[in-house]
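Chain naming follows the written order as A, B and C, and within any one chain the residues start at number 1.
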Amino acid sequence: MSTYVLVHGAWHTGKELATVAESIEATGHKSFTPTIKGNRPSDTRDVGLAEAIQSIVDFLVLNELKDLVLVGHSYGGMVITGVADRVPNRIRRLVYWNAFVPNDGESLNDMLPPQYVELSEHIAIGRGDGSVVLPFTIWREAFINDADLDTAQRAFRVLNPHPIKTLRDKISLSTNPAEMAVAKSYINCTEDTSLPHHYPWHPRLSQKLGLFRLIQIPGSHELCFSNPARLAQAIIDAGRD
Amino acid sequence: MSTYVLVHGAWHTGKELATVAESIEATGHKSFTPTIKGNRPSDTRDVGLAEAIQSIVDFLVLNELKDLVLVGHSYGGMVITGVADRVPNRIRRLVYWNAFVPNDGESLNDMLPPQYVELSEHIAIGRGDGSVVLPFTIWREAFINDADLDTAQRAFRVLNPHPIKTLRDKISLSTNPAEMAVAKSYINCTEDTSLPHHYPWHPRLSQKLGLFRLIQIPGSHELCFSNPARLAQAIIDAGRD
Amino acid sequence: MSTYVLVHGAWHTGKELATVAESIEATGHKSFTPTIKGNRPSDTRDVGLAEAIQSIVDFLVLNELKDLVLVGHSYGGMVITGVADRVPNRIRRLVYWNAFVPNDGESLNDMLPPQYVELSEHIAIGRGDGSVVLPFTIWREAFINDADLDTAQRAFRVLNPHPIKTLRDKISLSTNPAEMAVAKSYINCTEDTSLPHHYPWHPRLSQKLGLFRLIQIPGSHELCFSNPARLAQAIIDAGRD
C-alpha cells in the first residue's frame, strides 16, 4: 500500500481530483487531495509561488505523511518540485502529470509560448485582483477537447480565478529535478493541447527530469473530468516502484 | 442533430466515404458526401483548385445546407478552407482530417516534401492527361499501412486519376484559417505516414489553424477503408460543439 | 503461411522471444528465435558486429530459410541490416522493431546520444571482459516502464552481458537500407524511452529506411516481456504483404 498526494493545477482545487483519489483508494492505496494556498475559496489572490509550495509542505508535515508518491498536475509541477526540494525525505517518487518541470530560477511563464504569457497578463490586468481566468473557448477546445460540451461546461463552472503571481515567480531550488535523488515519472496525456504540440509537455519539459519513467495515455489536459478512472490507473502505473 | 458534409481527398470520390457517412447517420445526424469537380468519372482532368472549391460551394448552395460541420480529408483540406472563405455563414465548424491547411497564396505542393512533388510531377508527365496516380507500393506501405493486403487492393481499385493542377494552384483566401471566426478541429490518425513523420500533418499543419480542437486516433491515412466506424466516431467528437 | 525469424536485441537471447514466437505460430506461421553470436552463454564477449551478422546468416543457410520475414529488435536492427545486405534473396521483408537502422559505415554508438555511449564505455571499463551491462534503475525506468516491478526484476535476471565491440563496430554494407529492394516495416512502441523521446527511434531512425510501413503500438522497449501477444500481433501486421 502506498500513499498518494495529488496536487492540482492552476484554476483547480483538490476537490476536482476527488474522483481520481477514490479510484486510487479502491485499489487499496491511501490518497490525499490538498488545495494549494491561493486557490482556496477564502484565499486572497496575491499569493506567490513560495507560499504556494509552503502550503503543501505544511500539509505533509501536519498530516505526518511520509514515503509518499507526490503527484503534480500542470502548475502543480512547480509546487511538487519545490516541495521535493524542501522535504526530500518524505517522498518516495515524484509523478508529473502534464506538469511543468522547473529548474532553479525558472518561472512557469518561462516555459510558456510568449503569446500565452501575453494573453494571461492581459486578462489579469482586466481583472485587477491579482488573478487570471481562462476563457471558455480556450478551455473547451484546447484543455478539455476529449469531453462533450456538457462535461466541459460543468467542469468550467468549478474553476477558480488563479493567482498570477504564482505563474510569474521564479522558483528557488537547491537541486534541479534531474539531480534530485528521488525516483520520477511523467504521465503524458497524448491529446493534451493546453500547450501546443509544437511546444509540448513531453519531451520538452519531461526531459528536464533526467532519468524518468514515461506513462502515456490517450486524453486531454483535463482527464480528471473526462476519464478519472483511466487517469487513476495511469497514476498507479507511474507511482509504483 | 447536426449536418456533416464530408469532402474527400485526392484520388477519391464521395462514394468511398459512404460507409463513414452511414455510421454518422446511425447516431442521428445528417451527412453528405459530394464528389469534388475533377474527381467525378465524367470530369476532364484539367480542373484547377478554384473550380474544385466552387463545386463544393455550389453543392452547399444547391442543397441549401447551413449550420454545417464541413469535414475535409487530405487534399479536401484545401477545398474546405476555400469554401469557408467564400461562404463562412453556412459553416458551424471546420474539421480537418489529416488535411492540408493553406494560408493565402499557398498550394498543396508547397506543403509537401520536395521529393514528393518531383515524383508526382514525373508521374503526371508520363500520363500526359493532366492527372497523377499513386503507385500501388506507396499506397500499400505509406497510405493504408493498417489494413490487410486484400483491403489495400480493393481500395486501390476504386481510386481515380487526380487533376494535378489542383495540387499546383495557389489558393486565394481573404482570411487565413487562424483568423477565421469559425470553430476548427483537427483529426490526426497517429499512424498516417502519407506525409512522413519527420514532416508531419500534426502539429506542422494543424498549428496553422490557430485555436483548434485536436482529436487523435490510431490509424493510417485511409481509415475510411480500414476502420470507417472508428473514423465516424472521431468525426463526431471533432464536430460536436 | 510465412516464416518469421526474430532477432533479439543487446543483453537478450532468442529465448526471451519464445513467447512472442508461440503467439506468431498460433496464427499458423512458422517462427525462429536464434541467438546472435556474442550473446550465447558459451560465447566469449570479444565478438564484433561482422561475426554477429555472420552468425545469423549461417543460421538461415543451415536451416535453409527463404522467403522470410526477418525481424530485428534494437541492436538486432544492425544485425538484420547486415544479413539483408549479405543474403538479400532469402528475405521477403525486413521488420525493424524499435531497432537501429545503420547506413554503411555507421555503428550503433553513432546513433546514440553521446552521454549514453560514455555511460556504456564507462561500465565496460569497470567490467574489463569486453562486455557491458545495464544498471537496474535504467532498465526499470527507461526500458520496461510499462511493467510491474516483479516482471521488471524477473526480466532483468535473464539478461546477459553484451559484447561492447558490436556497439562500436561500424557496419559494412554494399547497399544502404533506403536503397535495398526488399520491403520494410518499422514497429514503434510509443512508450519506448530506451532512447529519449527528444532523440527518438521513430522517425529519426525509421526514416533511413526510405519507403516503409509504420506499425505503432502502446508499450515500452521490452514489450516481449510486458505484452508478448500484443507484440506478436504487431509483428504479423508489419510482416504481412
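In the analysis below, a residue touches a chain if its C-beta (ideal position, glycine included) is under 8 Å from a C-beta of that chain, and two chains touch if they have at least 3 such contacts.
What you see is a predicted model; the values in this text were computed from it and never measured.
Copies chain A and chain B of the same sequence differ by a rotation of 120 degrees once their CA atoms are superposed, given in steps of 5. Between chain A and chain C, two chains of identical sequence, the interface residue sets overlap only in part, with shared numbers making up under half of the total. Each chain gets a centre from the mean of its Cα atoms; for chain A and chain C, those two points are 37 Å apart. For chain C, the set of residues that touch two or more other chains is empty. Every residue of chain A that touches chain C in the complex is listed here, in rising order: 183, 202-204, 206-207, 211-216, 237, 240-241.
Within the complex, the chain A residues that touch chain B are 137-138, 140-142, 145-146, 148-149, 190-191, 193, 196-198, 218.
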